[in-house]
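Following: one structure in C-alpha cells, then a few remarks.
By written order: A, B and C. Residues from 1 in each chain.
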Amino acid sequence: MMRVDALVAQLGGELVGDGSVLVRRVATLDQAGEGDLSFLANPKYLGRLKSSAAAAVILGVRSRDALTDRPRIVVDDPYLYFARVARLFNPAPMVVPGVHPLASVASTLPASVAVDAGAVIGKDVVLGEGVSIGAGCCIGDGVQIGAGSRILPRVTIYANCLLGRDCLVHSGAVIGSDGFGFAREKTGAWVKIPQVGRVVIGDDVEIGANTTIDRGALDDTVIGNGVKIDNQIQIGHNVRIGDYTAIAGCVGIAGSTHIGARCMIGGQAGIIGHLTIADDVVVSAGTLVTKSIHQRGVYTANLPVQPHADWVRNFSHLRHLDALADRIRALEKRLEERDSS
Amino acid sequence: MMRVDALVAQLGGELVGDGSVLVRRVATLDQAGEGDLSFLANPKYLGRLKSSAAAAVILGVRSRDALTDRPRIVVDDPYLYFARVARLFNPAPMVVPGVHPLASVASTLPASVAVDAGAVIGKDVVLGEGVSIGAGCCIGDGVQIGAGSRILPRVTIYANCLLGRDCLVHSGAVIGSDGFGFAREKTGAWVKIPQVGRVVIGDDVEIGANTTIDRGALDDTVIGNGVKIDNQIQIGHNVRIGDYTAIAGCVGIAGSTHIGARCMIGGQAGIIGHLTIADDVVVSAGTLVTKSIHQRGVYTANLPVQPHADWVRNFSHLRHLDALADRIRALEKRLEERDSS
Amino acid sequence: MMRVDALVAQLGGELVGDGSVLVRRVATLDQAGEGDLSFLANPKYLGRLKSSAAAAVILGVRSRDALTDRPRIVVDDPYLYFARVARLFNPAPMVVPGVHPLASVASTLPASVAVDAGAVIGKDVVLGEGVSIGAGCCIGDGVQIGAGSRILPRVTIYANCLLGRDCLVHSGAVIGSDGFGFAREKTGAWVKIPQVGRVVIGDDVEIGANTTIDRGALDDTVIGNGVKIDNQIQIGHNVRIGDYTAIAGCVGIAGSTHIGARCMIGGQAGIIGHLTIADDVVVSAGTLVTKSIHQRGVYTANLPVQPHADWVRNFSHLRHLDALADRIRALEKRLEERDSS
C-alpha cells in the first residue's frame, strides 16, 4: 500500500488531484479496481479510461484532463512510468542463499549464491554475488556468471561461456551448444568441425524460454549489454548482437551475422548467415533478410493473408510473373511501333 | 486379443463378415498382418486395401463391399473409429503412485500421485488424484494441476499457473515463462515490466515437446478445454485460445491475440499480436496473419516453391510490382486516348 | 604442438615451405598468430591471407603461391582439410566412466559408460560401450543407444527409441515425443490417436539443441546415417530422412514426409506432410515446400526484403494480381481486335 504522492516523490511525474489515495497494484484499465493504479499509453483507449474503476491513473501530457475525478500522474511516457511502478510493486523474488542437498556442485561458490535441487555445476565455475541457479540447471566447467544474474530452472550453459551481471535466463534455454559446422566429403558425408569458441553475453540481458545460442566455431558468439531475446529463438555461431537490440519470438539468426545496436527484430523473422545489419534497424514480423542492411529504417517482406480461394486465384500468377512482364513489354512495343508507323 | 464382434459390441459400427476373427493391434494397411485391424479412411488408398494382409478392416459406408473376403466394421467415420480402437488397444500407461527418493517435494500431495526422480515441486502446489510428474520436472510454487493430468519428463511450470484435468504435457515444454514486455528509455535501454499474470489451461489439453506458453503481463494467458498444441510452439502473454482449437508445430502467436474455438492453425504459421481470430478459422501452413479475421473459413498466404532459376526470374518482379502496375495503367490510358481521338 | 611436416605425414596434402614450423591450434586468418594454422577456403579472402599472422596456412591448388614467406599445405579442399586438423587438435572430451550417485539407473550398463548427476535411466535400456549420458537426461524404458554416442545434458529420449553409434545429441533435444495425431468428433473435440511407433536413428547423427523428433503413429520415424540436424527443428511422426541429409536451424517437417539422401534444407524452411523429396535436393532458407520434389536441384520460395514503404507500395498489388493479369489480357485483346479490323 502506497500513497500516490509518495510514489510521485519517488519516481517523478506531476501529481494532479488527491495525492492521499492509496495504491498497491498495477492493473489494466479494464481490470483495475480499488487500490489499483492503471495507465493510458495509447489515446485510442480513452473510452476504457473513462469506464475504468482504477483508483489512480498514469497519463500523458495530452490526456492530462481526460479524467478529473481521480488522481493522475502526468508524465512524458506513461508506459515507461508504468514499467517503473510495476517494478516497484513487484520486485524480483529474493534469492535465498544456499546449495540444495540434491544439487551437485564441483566449484567453490560465494555464500550469497542459491543453487536449487537437481542443479549440476561443473569445475572452475565462477559465480558473482547473489546469483541464483534454478532447479535442474546444468552449468558446464569454466562458466562465469556476473553478480545478480538469475538462471531459472532447467537451463543449460555449456563449458566456458560467460554471462554478465543482472541477466535473466528463462527455463529451457541452451547457451553454448555447438554451431552447425561441417565440411563435406566427396561421398556426401559430413566431417564435424569442432566448435571451440564461446558465447559471451553482456550485462542486463534477458534470454527467453527454450531459446538456443550456439558457441562460436573458432571465435566467440557475442551478445551485447541490455539485449532482450524472447522465446524459441535460434542464434547461430559467431553471431554478434549490439547493445539494446530486442528480438521477438521464433526468430532465427544464422551463423556469422552481425546485428547492430538498438535493432528490433519482429517475431518469426529470419536473417541468413554472414550478413551485416546496421544500428537502429527494424525488421518486420515474418521477414526473411537475405541481404545486408546498411541504413537504419523499417524493412519488410511478408505476404498479405487472403481467403484461400482468393489466394489461389491471385498467387497462381507468381509462378509466371516473368511471362506477365514480357506481355506488358510486348504490348508497349506494339503501341510504340504503331505510333511510329 | 479380442474378437471383432466383441469390439463392435463395445464401440459400435456394423459388422460384416466373420466376427470371430481375433485382433490385438492396429496397423496401417501396408504393415498389417495376422491379428491386425486396419482402416481405410481415404478411398484413394483402395489399392492398398486390396493388397493388405490385415485380419479385419474398418471401412466407410461407401467402401462397404470393397473387400468381401475379410471381416469389416462399417462406420460413418473410419478414422475416428480407428482412433477409438487404437486407444482401447493402447491405454495410457498406469501411474504407479509414489514419490521417488531423488525428487524434491515441498507440498503435501495425494497418495495417488507419482513423482519421478529429479522432479522438484515447490510450496503450495495442489495436484489432483492420479497426477503424474515426470523425471526432472520443475513445478513452481502455487501451481495447481487437475486429476489425471500427466506431466512428462523435463517440463517446467512456473509459479501459480493452473492446468485442468486430463492434460498431457510433453517433455521440454515451458509454461508460465515471462512475457516479452519492456518499456524503452530514450537511451534505447529496456525496462522490464514484471509479468504477474498466470497461465490458465483447461481440461484435456495436450501441449507438445519444447512448446512455450508465456504468463500474462497483468491479466492471464488462457487456453481453453480440449485445445491441442503441437511441438515447438510459442504462445505470447495474454493470448486466449478457444476450446478445441488445434495448433500444428512451429507456430508463433504474439501477445494479446485472441483465437476462437475449433480453429486449426497450420504448421509454421504466425499470428501477430493484438488480433482477434473468429471461431472455426483455418490458417494454412506458413501463413503470417497480420490482420484480424472475422469470418470462419480458410486463410492462406504462402509462396509457390520453384526451381531456383525460375524463382529468380519470376520473383525479381516483386520489387517492382508497382512499376508494372503503372505500365499497365499507362497502356490502358494510351489505348483509351486513341479510341477517343 | 606439432610440426607442419608431421601433420602432412598424417593427414596428407603437399607441403610447400619450411616443414619444421610448429602449430598447435586452428584459427581464422584474422585471429591467427604464432602457433596457429589457418586456411583459405574462398579466394575472395585473399587479402586477409596476406595480412594474416598465421604460422602456416592450408590453401587450394590455385592459391598455391599466394603466400611465399610461410609454410603452406596445398590440398584439393582446404575447408575439409581444416576440419580434419581441427578435429586432431580438438578431440572430443574423454568419457570418464561411472554412474554419478545422484543419477537414477534401472538398467544394467557396461562399465565403460558415463552417467552424470540427475540423469534418469529407465528399465531395459541398452547402452553401447563408451556411451555418455549427460546431467539431467531422461532415457525411457527400452531405449537402445549405440557405442560411442554422447547424449549431452538435459536430453529426453522416450521409451523404445533407437540411436546408432557415434551420435551426438545436444541439450534440450526431445526424441520420441508423441506425433500430433487426432481424429475429430462432430462436436469439434479431438480424440487422441496413441502414437505407438518409435524413432529409429542411424549412426553418426548429430541432433541440435532443443530439436524435437516425434515417434511414429503406427510405423517408425526414421533418420538415416550421417544426418545432421541443427537446433530448434521439429520433425513430425513417420518422417523418413535419407543418409547425409543436413537440416539447418528452425526447420519444420510435417508428418509422413520422406526426404532423400544428401539433401540440404535451409534455415526456417518448412515441408508440409505426406510429401516425397528426391535425393540431392537443396531447399533455400525460408522456403515452404507444399508439393513433392522429384528432381535434384535447388528450390526456392522466399520474398525480397524491402524498405517498408516500398514493400507497402509493391506488395499491395499481390492481393489483386489476378485483376492485373485480366487487364493485360484485355489490352492484348483490344490490340488484337484493332489489328484485325
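Criterion: contacts are C-beta pairs under 8 Å (C-beta built on N, C-alpha and C of every residue); 3 or more make two chains touch, one makes a residue touch a chain.
By chain, UniProt protein names: A, B, C = UDP-3-O-acylglucosamine N-acyltransferase.
Note that the structure is a prediction, hence the values are computed from the model and not measured.
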| item | value |
| --- | --- |
| Graph class of chain-chain contacts, one of line, ring, star, complete, other | complete |
| Size of the rotation, in steps of 5 degrees, that lays the CA trace of subunit A over subunit C | 120 |
| Whole-Å gap between the CA centroids of subunit B and subunit C | 25 |
| Where subunit C touches two or more other chains at once, by residue number | 102, 118, 136, 154, 172, 210, 232, 250, 302-304, 306, 315-316, 318, 324, 328, 331, 335 |
| Subunit C-touching residues of subunit B, taken from the complex the two chains share | 26-28, 31, 77, 79-80, 82-84, 86-87, 89-90, 100, 102, 116-118, 134-136, 152-154, 168, 170-172, 206, 208-210, 226, 228, 230-232, 243-244, 246, 248-250, 261-262, 266-268, 285-286, 302-308, 311-312, 315-316, 318-322, 324-325, 328, 331-332, 335 |
| Subunit A-touching residues of subunit B, taken from the complex the two chains share | 102, 104, 118, 120, 136, 138, 154, 156, 158, 172, 174, 177-178, 180, 182-185, 187-194, 196, 210, 212, 214, 218-219, 232, 234, 236, 250, 252, 254, 270, 272, 283-284, 287-291, 293, 297-304, 306, 310, 313-318, 324, 327-328, 331, 334-335 |
